[in-house]
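I have a structure I would like to understand better, so I am pasting it below and will then ask my questions one at a time.
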Amino acid sequence: MHEFHTQRRVEFADTDMARIVHFARFFSFMEAAEHEFLRSLLGEGQQVHFEHEGHEIGWPRVATSCEYRSPAKLGDILDIRVVVRRKGTKSLTWGFDISTEGRAVATGQITCICCRIGGPKLEAVPIPAFLADQLEEAPSRSN
Amino acid sequence: MHEFHTQRRVEFADTDMARIVHFARFFSFMEAAEHEFLRSLLGEGQQVHFEHEGHEIGWPRVATSCEYRSPAKLGDILDIRVVVRRKGTKSLTWGFDISTEGRAVATGQITCICCRIGGPKLEAVPIPAFLADQLEEAPSRSN
Amino acid sequence: MHEFHTQRRVEFADTDMARIVHFARFFSFMEAAEHEFLRSLLGEGQQVHFEHEGHEIGWPRVATSCEYRSPAKLGDILDIRVVVRRKGTKSLTWGFDISTEGRAVATGQITCICCRIGGPKLEAVPIPAFLADQLEEAPSRSN
Amino acid sequence: MHEFHTQRRVEFADTDMARIVHFARFFSFMEAAEHEFLRSLLGEGQQVHFEHEGHEIGWPRVATSCEYRSPAKLGDILDIRVVVRRKGTKSLTWGFDISTEGRAVATGQITCICCRIGGPKLEAVPIPAFLADQLEEAPSRSN
């Protein structure tokens, strides 16, 4: 699987005094879509921070970016497309396209590392096979 | 109509380092549910900040409160019930019950004033009749 | 000690499309002021979630409220006064007055419980004596 | 002037359930530092959204990015350095270095366009001369 779609509606608390979605909120929108994608692969009731071989797995971010094409406003329904841009042994790069009613709003990227968390230090570990096996890189033309 | 139901899933950005939903986020959850209720009455495409008789109508808050019953965590699906607690000529008090899987999470209240906004000062005005007519106070036993 | 003062400047991300501080943000402002008060009592380098007798102490909220007097805008410097309204064995109620240039903006309250956290369940415990001894209830006229 | 320094303390509401600052918050930290830089040039009482030749000037973002070096935690005092990376006629690119106690936490970038706002559409305009004259690109070695 290399692609996932979801939607969300812009809420009042997402806006700022320019009367549009605050630019930093898009990163939380992207993260929520990424997590929905992961949850669809993990199975019912499983969370994105899950237990694997006795350790809690988390996904600290190493790099993020966003380009803003046009503003989003209160009540807009955002269509969010998530693709796997790059699948490493211990890292993933997600790509995002956000649009509303066919108009491009933003494109972004999140690179994260699969880590054991909860201990004194984060420790990078290979993405658990059951998850890695379900993820494949999107063909480059769809990037 | 005196009651409305909706749901939302707890997202990663809603949590804090106590690993539960940050207490201030519940106010944004309540607001989003209030707005969904209003939108269901305003008709398709209408926003909560709508145009009425040539003026933009908004709902500044005058008082809010929340009691916390039990924590909500990442991935929890919150059931949110909105009721009209008090309907004044120019003000509304909304009540909220938030639960997950039948367990009470929080109850809260938001009192707001119907105002003309966009001018130099906010001006309280009667709730537009087409909206006021659709809202009725919840029977007190359901408060 | 029963009173503490601090200041903060309203930032762009605090505002919403009504061009004023979003009402839910005041709860985070109150919390930050409460934590500054606690930090002033805990000593340098100590955090609000601190270690005590081998357990991490945290302050889950049980009730919060806020009344809004007038709007705050981008760049406003908020004067925040924190008082101890009620000191129980295991609980604290903080009161807050927020103003800018002498104009009242908001008053609020946060009640929290002193808890051992980090275990499977939160456990209410007495406020550590070294901290309780430094806190006294504000005289009621200053409430 | 091509450089500005400021500090802020990590607050509880900045953290997430991984017990570190949520990655999206760094964008609001960067924005607040950018605005402090601008305010230092605009003169007392002037806001970042200011009036110029009868129009309100704002700074919509076109691109943002952040690389995360190490986590920031509750109570950390963040040192934030802002530099002018690129000064165009109508656009600015800000660079940010965030560290705590000498340890690199994050580096980021925000590109924004100087716009007349408030009308039905955003309109890109030249950066007002009184402001542009005070900003110079940082020498590349300090990028």
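When the chains are written out, they are named A, B, C and D in that same order, and each has its own residue count from 1.
Criterion: a residue touches a chain if its C-beta (ideal position, glycine included) is under 8 Å from a C-beta of that chain, and two chains touch if they have at least 3 such contacts.
This one's a predicted model, so the numbers in the text were calculated from it and none came from an experiment.
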Contact-pair overlap exceeding half with C-D, pair selected from A-B, B-C or B-D: A-B
Chain pair showing more contacts of the two, A-B and A-D: A-D
Centre-of-Cα separation between chain D and chain A, whole angstrom: 24
Intercentroid distance (Cα basis), chain C paired with chain A, Å: 33
Cα-centroid distance, chain A relative to chain B, in whole angstrom: 28
Per-residue overlap in chain A, given as positions that touch at least 2 other chains: 12-13, 17, 20, 22, 24, 28, 31, 49, 74
Touching residues (chain side chain A, partner chain D) in the complex: 17-18, 20, 22-25, 27-28, 31, 49, 58, 60-68, 71, 117, 122
Residues on chain A engaged by chain B in the complex (per definition of touch): 11-13, 28, 31-32, 35, 39, 47-49, 74-75
Touch list for chain A against partner chain C, complex: 12-13, 15-17, 19-20, 22, 24, 74
